[in-house]
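In the two assemblies presented below, chain A is common to both, partnered first by chain B and then by chain C.
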Partner chain A sequence: MAQPLVKKDDDRDDEADYSPFLGIEKGAVLQEARVFNDPQLDPRRCSQVITKLLYLLNQGESFTKVEATEVFFAVTKLFQSRDIGLRRMVYMMIKELSPSADEVIIVTSSLMKDMTSKTDMYRANAIRVLCRITDGTLLTQIERYLKQAIVDKNPVVASAALVSGIHLLQTNPEIVKRWSNEVQEAVQSRAALVQFHALALLHQIRQNDRLAVNKLVTSLTRGSVRSPLAQCLLIRYTSQVIRESANNTQTGDRPFYDFLEGCLRHKAEMVIFEAARAITELNGVTSRELTPAITVLQLFLSSSKPVLRFAAVRTLNKVAMTHPMAVTNCNIDMESLISDQNRSIATLAITTLLKTGNESSVDRLMKQITNFMSDIADEFKIVVVEAIRSLCLKFPLKHRSLMNFLSNILREEGGFEYKKAIVDSIVILIRDIPEAKESGLLHLCEFIEDCEFTYLSTQILHFLGIEGPKTSDPSKYIRYIYNRVHLENATVRAGAVSTLAKFGAMVDSLKPRIFVLLRRCVFDNDDEVRDRATLYLNTLGGDGAVVETGEDVKDFLFGSLDIPLVNLENSLKNYEASEEPFDINSVPREVKTQPLAEKKAPGKKPTGLGAPPPGPPSTVDAYEKLLSSIPEFANFGKLFKSSAPVELTEAETEYAVNVVKHIFDGHVVFQYNCTNTIPEQLLENVIVVVDASEAEEFAEVASKPLRSLPYDSPGQTFVAFEKPEGVPAVGKFSNMLRFIVKEVDPSTGEAEDDGVEDEYQLEDLEVVAADYMLKVGVSNFRNAWESMGADFERVDEYGLGPRDSLAEAVNAVINLLGMQPCEGTEVVPNNSRSHTCLLSGVYIGNVKVLVRLQFGLDGPKDVAMKLAVRSEDEVVSDAIHEIVASG
Partner chain B sequence: MILAVLFANSEGNILVERFNGVPAEERLHWRSFLVKLGADNLKGVKNEELLVASHKSVYIVYTVLGDVSVYIVGKDEYDELALAEVIFVITSAVKDVCGKPPTERLFLDKYGKICLTLDEIIWKGYLENTEKDRIRRLVRLKPPTEF
Partner chain C sequence: MSRFFSSMDSCPAIKNILILDSEGKRVAVKYYSDEWPTNSSRLAFEKSLFTKSLKSNARNEAEISMFDSNIVIYKFVQDLHFFVTGGDEENELILASMLQGLYDAVALLLRGTVDKREALENLDLILLCIDEIVDQGMILETDANVLAGKVAIQNMDVSAPLSEQTISQALASAREHLTRTLLK
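Entry: the complex of A and B
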């Protein structure tokens, strides 16, 4: 008995291995498709051939134009068959082949016939096919039928027409928009899916008409929507309406909030989730509004469905960025997700916990994460590392355990991006938390002992060179650095030589030993390493004795190259070898203005090591270098502040000019950044003529013209004014650009010899009180306020008059004072009637200033403000009040 | 928009791939990305247990059904929950066509029907039909019963 049974099993296995499409070949199938032309059609055989064609198409195979046309014509013959199964296949095949406009004509009549057929299903399918292959002209012919179909009794026909409408709206919007009434009727349909499709289409038709969308949402939120899918759409449209109307409501409850809250009790999970997410994304959502949404999301966290868990933790992760306290209730549930099989869920849970956790839970959390790190992919690990970095900055006292964690994972396997993220994090922690410095540096040292990435090794060596000599025992790093000279490739070796030299320069007692090491490097087999060693041996001086290194040598070693590398590269390329050596002073220092403006952009986070700065290290440093290199301004003292560039021309004018205001104690320098946008012109002797008649306290003392301003190569001209020392003088300046213009032959690029003098009017420029204030934040305003003391506190109240909103008034005062808002107090919650804003800054003369602003709405629009100032100098406290009083 | 529906066998060979609004040059990338995702994560997963991932602004929900793995990719309104709904419709309709979670052979035997079924469920990137009974009837050009 056993024998046949076994045999049967064998047979079945054979069969399972054998694919019906084994060895399928396009040419053969196309041959087979000739059966479509048979006078006596075999529906079964034809269906099989279509299936094969579909299989080919679904495998990514494509037909040539000729092949597609041939198949298409053959398929149209199949309309003759009355076999229903085959007809369904034919509909699909035509859609797949998407015939060209000149071929479509062949099937239009058959499809039009089906579209008006008594058989509902022919109608539905014909509509879908026609709408897929049709163009505008044909659409107007069939529009009447489509409008009828939208309100057809059969839900399949109605849905076919509605979904077709959604697609056609992209190509023929004006036609589809005419169907509004029918679609509106379909929204009321009893069939759930028809309602869903109709709602989607109606919203798309009306999406640019805010009032209509508002009306649609208002009527539907009152009535009942049958399909959960449609309900989800409705929730999304409702959020949109809330967003757009939020600015208009000053007081009272948020419109539609009750509807969203009600949806949290819907029976479909999809709807509950959509509503919860909509609530969490409301502008300025309050904790009272958030609570019910967080509660349902918390329930989803322990759902058996991974998708729900993922959705919930993803949403909570976002909430944690803005309202970490609201999410803390979910921490226990989230901790259990760390071991979730799905790594995306686990990572999201961890990063959320890292945002919401408190200081006491850090150690426990780190233990859990350690187990988890080994089995996730690098991209997830990077997310975790970044979260840990922010956590450490938040709780600096925990730096020991967090730094240990980072060093442990640094030793494990991982790709470049992951390792770079860890190294960047350690570097940022070293910079921001002084106590973490020594241990962090040692971790980095250990890492370079076994680091496979040249880039990271050189970056760490560079960093060690800057930070290592400042530590309590610099000598302990030398071994790690010198090991590199023995064990690594030339790039790393050269980096190590430079780092050794930096130690030698900064730590006099180490100098003799550094010299010994550097001398050994002179025999390296790489040019660059040898050159560097020789250079440093010659510059450090003292011939290996314990002597102090000269300041100029330190400047050379540690100062940044104050020349943009691009300029240096260009100059070197243009240099022709001759008797005259290359002069680095001939390299232009003028930097393009655009990158500077970008650097000023707010919100840029420190990014750890990064590459050594390609141009100037920071805007302020760059400006300082630039100004001190101009002899006329050299004796102005220390630069106090440089403003952001102020545009003095409209966009896309012949000459683009913006100005940066540099404030010194007794001087102001205007740096005009000019760009010539006309290829046929060369400008020479460019200068800005400034009329300071409306700035009485300022007297022009110097100006530096720009010798030449070729097309699209920015340049700078400067004008300097003297002003009373330490006084925040204000005034208005009118500006005229004056230059000699020379015609340029665009074919040769050569300018004519003779030029014409010309002028170009620029916009006026003002020096305001905020120019004398540096934006310097404090991390804990309360502490700073208390420790400043009330000795020089000045308090007064001001009426700000009618304002558009409280937020607008707050912004106006912040801009007037030019101070740094602290602790996010520059953001005014919607609908609030009072607000406190905390500001900090440094006033000219290096006087710290703290400001506490209390705003209140007095009547419907009038804003009143109480201003409390504390500073280190009563004159400055009074000055701040004066600025506000006169602003 | 539902950007892609992809069926693969246990070795990662493609059985069905349908893209909507994905440029031809990106399809190969998506195909290999999804197959790798499946190879990394689908081992030992129970039938129809949903897995989820997000890649940039795009969501992916995928699962195993018999010998085949199913991947759905969506963006914007088709987030992980909407895709979970779509994949549920697809897996239940495919089971309905095959009578059970299919072996690769069975899947290929029913290939034509499965293509028709997908054609009813997704219309150029939008979800059109959601009930398997109705889909079964529509594939045979029969009107839905509730009508």
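Entry: the complex of A and C
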């Protein structure tokens, strides 16, 4: 389409190049601006110069401070002219220059005069300019006029005042809030846009007053709002009210639903769409409520306007994630959209279809998609690949055609991100669908034969090393792997060597042949490749005999590193080269919980390859450093876990204290973080006196007082307890802060010499079972669960009694156990009646624990739970049950 | 400006209005959101937006695309490319009505000849039109006739008395232009 146009341009080349601003230059235009100072103003000429100045600004040219000031003062002269067109340009120019506070004064009086002028156009524009450049002090002077303007009979003036009010509300809320009577009157205006602006401002003024918003919505939904834009706003406000009131009214019909449904019959498309979208986004929407909204969206799908089709298919795509059945009616219309000219619409249609499709339609769908894939951009292709992956997981029987599709597109042209998405998908399918394994591995093998991305090649080689030896005929992969040793760069070659060695270690019958290959690698010209080959040859028993490789050798070479890489990296950074070798056991194993923000990041999908995403640098290191620097605690051994800080004081008290529980094998150290919030006091010899009479198994062994605690600079004091080694002892401790307080002269900051002893009661502290549990995630729960075996499995059922919601119950149990939720199972979908949650962790004594929780709603509120625990030690499995039973 | 965008999530907001030529160069642009704080970030946005939209057929009906989690609606007329950008949660049809209002008003002001040359020669009208359609991100007016009427005032005889009469005359002539373009 663009083609003929370009041609046309060429034909009239010189004409197209013509521009009234050809060769324009800032310096010259600034010179020209001197005409603003002429005693006899030429309005036409002045307008032209302003246009040129605006053109320059629009092209991205900027004025220096001096230039801007000069232009501004010159422009203010133009208020003398009575030319209405010139005045419009002056208004625009002032807004563009955004003058500073001291410059504003120059134009204030002129603008205020215009604001009270008889000409509506002057009034409207002067209001907008004045409100744009004004500050709070001036606002009180003009407030009276603004209030009048809001109810002005000219809609342009009223809108100008209302929109200015919306902006001023951000800077001067207390003033704008005084206008609510006038604004309320304007909501009733007959002019469409005035109504829209007034409604927006009124809602802004009242948005923190839930009752007032509720009243506003109630009255307006009954009346007739004329403007479509205002109606859209009203729909948004109504959904807010519905959202907030949903918690209170559990029974009966949803309030205001009838209003939303009524809006589906509005004559303006934007209102219909707004209402349909609002309905689909209702919390826990039922299929009965959805139906009318889906029906109008379906009509939009066949509209001639791309915007309507896009809006509808985008909304339906979202609905398909939560209510796929509700969208199936639209499938026929969706299928015709696959050939839509607008590729965004086509992609959305395809991914929606993939979500809603049933097993029988998969093959037909794949055929359509194959044609479509060739002419869309990579970013769309990635979306499609991800949708296909989830489809395949949903219908494992269809893995053959879906896997074929993936391998076909893998062979086509594409960028890294796209190829990675495909490879990730294949890897996930191989892991989760056993039948797909062999064909999937072969597809990957073929891919690395001709893969330009080193990262993908090494990742695939690594994956082959894990999965390949377990297949029925491992030998067929060797050729592909060994080819890499010949044809690739050093990184890939090293990866291939490791993979070969893995085959050798796992499959004894292949060992002699693998050794032949490895020996050739010893002559590689890259030292890493040679090193690896030599290492493997020596550790695996280089004589080439068919012997079984020892478990510990395998573990050493190929065992997974069960410490988070981030922690390892931090520890290595802290390690100072010395006689003492680096001890890998000293690396903390705790996984820090991922910040929520990361989970919300769009398009974040579980990655199939590589390590789990690294967590943020942990505070564990900091604690460990701190504790090991205190001689009293130095012989406690390795820190097992540090809890999150627990507050022991209410907010805003004289002294703020929280505590961190450090768990060692045979000891517990409480670290009290104290803050003195009184400027007139200096605390000295601060210590926490702990009464452990309700914690029988604990005995106090050491404490470290805090010498001095000045105002607002936090300090720590420690108390250490001994407890039976390796036993998850629990108990309750009461705490008393004891210190010497000295008065401080606030003016000099000097403390008096004499102090008074004083005490301050803190809240109690408990050591609970969860303190002995490390949050350590596993990347594939099913595999971990299977390999753990059922030897020490303990299963029991519990009634959790009435709960607010299923999610609340799930959270409570997770917190009770202090374990790491796996595979996102801590999130409970809205309205579900049952939920399975997977947890993993390491219990004190380095015992791996996996937990499978099945929750179900029993009656309206009662939650029942089935708890299955697998661990490496039956005592620990029982202990977990005990935690739940006593919690 | 940024405060407007952060606090007004329930109110439709326009992030920018762009009019580019057939090579992606600026004719007139206006940014309301500080998502693009510098001129270079704006130019980069315009360039990639222009390249991405170039292949689409936005001559008869306005087209739409997601772009860096923004919704962009655009329409091409002769050698002019009109764009309106809003957030990704925005009602697409509201943005589309803005674009339609902008385009129709420009067509009225340029008396039906909507191309780059005409637009540059009447740049003051185009800028005034953009000034009247959105105020710091807030939709000010969407009706093309009213928009053109507000801008057209400046074409009136300077000596003529300023009264309601002349404004309605301007409106009438604007309306006449619209009917003419529609009938074409």
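Structural remarks
Note that the second predicted complex is superposed on the first by the 548 of 887 C-alpha atoms of A that agree within 3 Å, B and C clash if a C-alpha of one lies under 4 Å from a C-alpha of the other, contacts with A are read in each partner's own complex, and residues count from 1 in each chain.
Going forward, contacts are C-beta pairs under 8 Å (C-beta built on N, C-alpha and C of every residue); 3 or more make two chains touch, one makes a residue touch a chain.
Just so it is clear, the model here is predicted, and its values are computed rather than measured.
Of the two partner chains placed around the shared chain by superposition, neither chain B nor chain C is touched by A:V492.
Of the two partner chains, both chain B and chain C are touched by A:G85. Within the superposed three-chain model, A:R128 lies in touch with chain B and with chain C [touch as defined at top]. In the superposition on chain A, A:P20 makes contact with both chain B and chain C.
Using the contact criterion defined above for the overlaid structures, shared-chain residue A:Q170 touches chain C, although it does not reach chain B. Of the two partner chains, chain B is the only one touched by A:K153; chain C is not.
Of the two partner chains, chain C is the only one that A:Q204 touches; chain B does not reach it.
Looking at the shared chain after the overlay, A:M403 reaches neither chain B nor chain C. Residue overlap on chain A between the chain B contacts of one complex and the chain C contacts of the other covers 15-16, 18-21, 47, 50-51, 54-55, 58-60, 84-85, 88-89, 92, 95, 119-121, 128, 132, 156, 159-160, 163, 166-167, 193, 197, 200, 229, 232-233, 236, 269-270, 273-274, 305-308, 310-311, 314, 342, 344. Chain A meets chain B in the complex at residues 15-21, 47-48, 50-51, 54-55, 58-60, 84-85, 87-89, 92, 95, 119-122, 124-125, 128, 132, 153-156, 159-160, 163, 166-167, 191, 193, 197, 200, 229, 232-233, 236, 269-270, 273-274, 305-308, 310-311, 314, 342-345, 377. For chain C in complex with chain A, the touching residues are 3-4, 7-8, 10-12, 22, 26, 28-29, 39, 42-43, 54-57, 59, 61-66, 69, 73, 79, 91-97, 116-117, 120-121, 123-124, 127-128, 131, 135-136, 138-143, 146, 150, 153-156, 158, 162, 164, 167.
Chain A meets chain C in the complex at residues 1-2, 5-6, 9, 15-16, 18-21, 43, 47, 50-51, 54-55, 58-60, 62, 83-85, 88-89, 92, 95, 119-121, 128, 132, 156, 159-160, 163-164, 166-167, 170-171, 193, 196-197, 200, 203-204, 229, 232-233, 236-237, 240, 269-270, 273-274, 277, 304-308, 310-311, 314, 341-342, 344, 602. Residues 14-18, 27, 31, 40-41, 49-54, 61, 77, 79-85, 103-105, 108-109, 111-112, 115-116, 119, 123-124, 126-130, 134, 138-144, 146-147 of chain B touch chain A in their complex.
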